[in-house]
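This report refers to the structure that appears directly beneath it.
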């Protein structure tokens, strides 16, 4: 069972015009390895921050997870990406890190923990087939995804 | 035959001082898999947007393409990168996605669809050997590359 | 012996309120391939730039290096990442680039040359286990890491 919760970042209230804004999306993964589509939650975060024109930065503060943007229409695409990552970086191998989750750390560096998407009129400029995925590589766990909206200017709000 | 067209993003005209700016570069790929050097087009987009000091964000709104920064002096570098990606993620494999372009989706996640380059005095702060490449993984197609200039401040324009 | 030097970017002095800021961290790598933890140097750069709320952009102006964020508590994590990259992209192979450092170029594209981390109250919003690593793939060399602080607004300083 996957639950995606939406939390307000403490201190976000009372922002002035043109001020920075960050929201935190709480992601509860249900499997060892999975991609969780968080596009709707990111859209909701942008609405809450009264986004205008600018950039939506996505940041994962974890070392065994990541964030990627790929097709969210056919779920077999995500399955193929997960399989390919497992093939390239096997769960068990000749790893030295004692905690046994080296594969997750390696995948995190390959996929990355930061993405950014242009925002126009408060809307994500995602392509037709693109969705935003939180990438769990060592679950199940409670995770956070930071959504930072950077207006390009005071007028951009 | 590769054609790189340059389009103005609708709605970009009439920007106020310090306002956000986005241009769209249209890239026509000519092969199934290739990297297309778009450095000059990105520079032209920055000029058009009267860029000053800030960040140049590059965003690919496609799920079977990407954007990377690497050497554009010796074309054999790009050839080696393309070959390595093909070796790591073979075109044909035990994929479940029915459209037959799973390898392209996987490469897109590995390479990424967003990059950002610092801009100083309107110029890209690329290193001596760096060029910006649109990465086609499932061509030939007509593609877009979003170039978003984010001034660090109103004074940064 | 690894030395991380900290240099002020020429022209950074005399910035006005809300103006963009960039500092350059000079990294001297001591090995062919290694990750160098630059978290403290990035923090120092942010202090120097009087960072408030915004984004810290990290940019590597080299084509045989990169920047990643991963665990800096147990050094065996970095060792496993380096080993995995070497396994995926062997130093010697059937490469066409004559300089013999194709593996480094390929790793640079896989890991990436740009990252960004949210900044709150002048502090990096890194996760508990996260550190920022300069990734040397073709050392030993003198390298630069650009640290660009983008305040989300004039009020964000």
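Each chain gets a letter, A, B and C, in the order it is written, and its residues are counted from 1.
The rule is short, and it goes like this: a contact is a pair of C-beta atoms (placed from the backbone, for glycine too) under 8 Å apart; a residue touches a chain by one contact, two chains touch by 3 or more.
It should be emphasised that the depicted structure is a prediction, and the values quoted were computed from it without experimental measurement.
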Contact graph of the chains (line, ring, star, complete, other): complete
Equivalent interface positions on chain B and chain C, same or different at half: different
Separation of mean Cα positions, chain C and chain B [Å, integer]: 21
Residues of chain C engaged with two or more neighbouring chains: 88, 110, 112, 116, 150-151, 154
Sites on chain A touched by chain C in the complex: 11, 16, 18-22, 57, 59-63, 88-89, 93-99, 102, 105-106, 108-110, 112-114, 116, 146, 148-151, 154
List of chain A residues in touch with chain B within their complex: 53-55, 68-71, 74, 76-77, 79-81, 83-84, 88, 110-112, 115-118, 120, 125-130, 150-156
